[in-house]
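A, B, C and D are the chain letters, set down in written order, and residue numbers restart from 1 in every chain.
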Amino acid sequence: MFKDIFRKTKYVTINSNQKQNRSSEVPRQEEAAIVSKKELPDGLWVKCPKCGEVLFNKNLDENGRVCTTCEHHFRISAQGRLALLVDENSFEEWDSELNTMDSLEFPGYEEKLLEAQQKSGVLEGVVTGRARIEGIPFVVAINEAGFMMGSMGSVVGEKIARAIERAIELRLPVVIFSTSGGARMQEGILSLYQMAKTSAALGKLAENHLLYISVLTDPTFGGVTASYASLGDIIISEPNALIGFTGPRIIKQTMRQELPTGAQTAEFNQEHGLIDLIVARTQMRPELARLLRYHQEGAEYGSTI
Amino acid sequence: MFKDIFRKTKYVTINSNQKQNRSSEVPRQEEAAIVSKKELPDGLWVKCPKCGEVLFNKNLDENGRVCTTCEHHFRISAQGRLALLVDENSFEEWDSELNTMDSLEFPGYEEKLLEAQQKSGVLEGVVTGRARIEGIPFVVAINEAGFMMGSMGSVVGEKIARAIERAIELRLPVVIFSTSGGARMQEGILSLYQMAKTSAALGKLAENHLLYISVLTDPTFGGVTASYASLGDIIISEPNALIGFTGPRIIKQTMRQELPTGAQTAEFNQEHGLIDLIVARTQMRPELARLLRYHQEGAEYGSTI
Amino acid sequence: MAQLFEFEKPIAELEHRISELQKFSADKGIDLSQEVDTLEKKVLLLKKEIYGNLEPWQKVQIARHSERPNFYDYAPLLFEDFIELKGDRLFADDHSIAGGIALFHGVPVTVVAQVKGKDTKENIKRNFGMPHPEGYRKAIRLMDQAEKFGRPILTFIDTPGAACDLGAEERGQGEAIARCLLAMSGYHVPVISTVIGEGGSGGALALGVCNVLLMLENSFYSVIAPESCASILWKDTTKAKEAAAALKFTAKDLLRLGVADELVREPQGGAHNNLHQTADELSEVISKYLVRLRSESPEVLRETRYQKLRKIGMFRESAEINLTKKLD
Amino acid sequence: MAQLFEFEKPIAELEHRISELQKFSADKGIDLSQEVDTLEKKVLLLKKEIYGNLEPWQKVQIARHSERPNFYDYAPLLFEDFIELKGDRLFADDHSIAGGIALFHGVPVTVVAQVKGKDTKENIKRNFGMPHPEGYRKAIRLMDQAEKFGRPILTFIDTPGAACDLGAEERGQGEAIARCLLAMSGYHVPVISTVIGEGGSGGALALGVCNVLLMLENSFYSVIAPESCASILWKDTTKAKEAAAALKFTAKDLLRLGVADELVREPQGGAHNNLHQTADELSEVISKYLVRLRSESPEVLRETRYQKLRKIGMFRESAEINLTKKLD
């Protein structure tokens, strides 16, 4: 039905090895660019934006890109998170070929997409699939901050909805890691309705009595906060992550309201009843394992009762 | 199973004409005693506690005991409310013979009960039954402020629970008018659990998709606010009624906190999202009729759709 | 008289000339009826030309018109009866969302609507139509009752967006909107949503998960305000006009994109020029769809709503990147 | 050493004399073992006498003991694992109610508990164990998930009552408690509630709609605090002792009244004298009932809980008034 809006263009296949091979090394993120290239040799060292400590990049990778001095959580790619999180070789990617189109012929969108794809080495702002943690199977989706700030367009919404629907078929729990600036304006109303699409899919998951854990990471805002990120049976956040509906800059501009120190942090959100657990990245794997285990259907637990 | 706790005593039948005959005249309430008997001839006149106007008692009755000058709502007996509310001769009382026993042998309780019964002419703090408004059948329960401030003991809880259960059998909506100081301490834990009993019955009603309208009247506090009074699909209040969980005197005593002017009024509660509608007593009948009509099962409405 | 937009001035000038001619003709007793007639025809043509070809930005201006009818204007014309019910039962009653039970063509329905004010005082009361979490939670509460009692749900969208202040953040604005989306997607009763003015991003969408989406001719429904979009794209809020065109948010766009189901005609120049006519038109269209939906089973209503959402979005199933444009 | 109550002083005096005798005997090398023996036997008898016949008011004092174990003391002993989950998703996380998922004898359960502080600082944080509406709403959220995932629910009651300040009133304290009662009455999973300390009126009851109600031996569960009762009855808060007796709120009373199902034994002198022993006892009793309840069908669990509530209360079915006492 949308054929009349399709644009006639030619395509070539991108080399997708980069995104499909899992590496045990944690890929680095743009955030490292905070370090002035003049001060430090390229890529070997990185300066912690919180405590100022200069860290050996390799050590930072080995610590899940959490500062060894102050525990600042650097942003991390979806692939990097997978490497930290799931059992080795357990990840099976889904819908990796789903690709975006410039449905509204929005000024500059094609260029932005190409740039994002080439820079990040991934096609879109979310990776989905199934995996295991400590042997327990689950469905996972991870926003890719490196791709247009994890913003949600048609592809992100569709991949998440499909992953949830497949979880229902497979009777598996779902864990989604959010990092997003919100809905992607370049796809207009189609982006906006991805909020409804993903939320509706989660409604079906809930109806099927399947667990959904939402993990919020820095930053999670806008349309993602106002849809799947806030609908977890259990909501976890990484420490100090910024989470909210409206970004602090916009609140300041439109309301002429200065946010108090610490507003919109994970800790602020927890105090206001919006987050169950704050879990450090290094503890995420065992914590998720516990929660998944206690929700396993037909699990035996060596029960004495 | 409770037989061992029963006390051996002798009973006589009380003349129950007084409570079962419906009178078109609205019975008066203790509140009228506010008027000094020295100033005004006995019972003919009453002074409005809000505006100070001296009112002819008969006129006050004719206006549903709402001050004709300032619209202050005087407290009113359950019988008085029935007279104002339901279609003539439509009320069928239920469980009128349910009577209280001093199950804990609580100091002074028997005397208090006897006094309340003789003063109010009713056996207990709630009247239940079925009736019609503008021809629409419904189940009604009305707290009797004149009976130990409408406090909820075993009988009040049981009568309300039975009325709700019968509404489920008859597939009728339920309207409860609350006026209560809360759970009745003289029946200890048995009183407390009437909150759970009535709430659980309302849970069954809801499960059966039957409407429950809770009407709050002055005053509604404590265990009644924390059970059936707060569980209406629609919650209505009379204007300016005081409604809350903890009484203002106790808040003041325990928290050393002075409540702001207007706190715990119906209007305050509505502002805080706790009340749907504030309806003057004189408008209660047509308003309830509208709501009951729009919830009638299988009603025709002369629908054009 | 209603506030005039720039693009309406040629019409107003012509109309002014006509009334001058008429006055002159009356004063001097000279017959100018032919001239007047010509001019009046010209006005009609001009109106058709201008109002028939409104640009997106012009529609934005009409949709935001200070005299644009709001929900409270339509309610007495659309419904035989409307009982407003208040509060979220948790924190507050939000005046930027109104809701309750109404009688529509004789059928009890649940109504939820965003409401902007018409003057400064009312706008402060209604937070300029920007709901707080308590507004969305009130909406859920009322719609849950519609589900409980099997009543169809009608929502009316008219908001620049959800409230964006500290209080909204503290009380979980994101959570409240997300819960609205989730709740609406699960109902077994007909849900018809109408954008009557501004449909501003997530705050609007919260009432827009429906079986049928209607849009008034001059309403718009956008992922972002055109000014904010211009500010992000071109660092220039004055380019809102260009952003408005880029965002494809008019009723026609949404029909074409498979999001809206029908455009509800407005009187020439916009709803504010004839409230009754607009209400009649709207009533007729809603009624048409409600008849259809009421003949469906609860399960079908729910599943078709889900499938409607599932289909929104465009993508291709191939990991190819576009070659027509290339980064250096 | 734990704070001593007035009624414990005779025991303490005897114990003091024994230790003096022992010291004297050691210092002077005189054999007093027989005297010590006699005294020790006397202590045992005295303890049995005193602790075996505690008056209601003395139980109140033990239940409110500053070192009385709270939920966080029991949690690591009762559960192999406990994951605390926070927040009502609406307004705040209330520290006077803790909840989460625990592993109890290998079975995942949902746990919700009222928590008093142990010192002033903690008591301020936990509002002296008096929950606000957000605490009850957190409880409902967590228990709803137990229902969703078919987990048994264990609640632990320990509160002087619900918070009674302006904020509680503004956010609907009554509504929050009522919703708790309604929610708990509808679950299809086993619900076991234990009063571990103070069970203060509606604020306690909110977590007490259950299939099985357990009470620690020295806990109490009352419609009103004895002090408030005394103040109303006799305008004299110092008569709390008399009120405590009148209210019939001890574990034994509640067993007799058909409200509680079992009394869980405490070590002599109260739970604070031996946390581990109390936890073991409690674990065993809860486990016993959980085994039974887990063998029931969801519908039976729900219906028997309803019938249990339905039976609470005493009345007679005759419109006769009592003749033995008469008003003048």
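As a working rule, a contact is a pair of C-beta atoms (placed from the backbone, for glycine too) under 8 Å apart; a residue touches a chain by one contact, two chains touch by 3 or more.
Quick caveat: nothing in here was measured; it's all calculated off a predicted structure.
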Shared chain contacts [subunit B and subunit C, defined touch]: D
Chain pair, A-D or B-D, that carries the greater number of C-beta contacts: B-D
Euclidean distance of C-alpha centroids - subunit A vs subunit D, Å: 44
Distance between the centres, which are taken as Cα means, of subunit C and subunit A, whole angstrom: 33
Centroid spacing, where centroids are CA-atom means, of subunit A and subunit B in whole angstrom: 54
Of all residues in subunit D, the ones touching two or more other chains: 89-91, 171-172, 175
Where subunit B touches two or more other chains at once, by residue number: 206, 272-274
Category of the chain touch graph - line, ring, star, complete, other: other
Set of all touching chain pairs, with the criterion as stated earlier: A-C, A-D, B-C, B-D, C-D
Contact footprint of subunit B on subunit D as seen in their complex: 162, 164-166, 168-175, 177-179, 181-182, 184-186, 201-202, 205-206, 208-209, 221-224, 228-229, 232-233, 242, 246-249, 253-254, 256-259, 305-306, 309-327
List of subunit C residues in touch with subunit D within their complex: 89-91, 133, 137, 170-172, 175
Residues of subunit A defined as touching subunit D within the complex: 206, 209, 211, 233-234, 270-277, 287, 290-291, 294-295, 301-305
Residues of subunit C defined as touching subunit B within the complex: 81, 83-94, 101, 103-108, 134, 138, 145, 148-150, 287, 290-291, 294
Footprint of subunit C on subunit A - complex, ascending: 1-2, 5, 9-14, 16, 96-101, 103-104, 106-108, 110-111, 113-115, 117-118, 123, 153-155, 157-158, 161, 182-185, 187-197, 199-200, 202-204, 206-207, 222-223, 225-231, 244-246, 250-251, 254-255, 257, 259-260, 263-264, 272-274
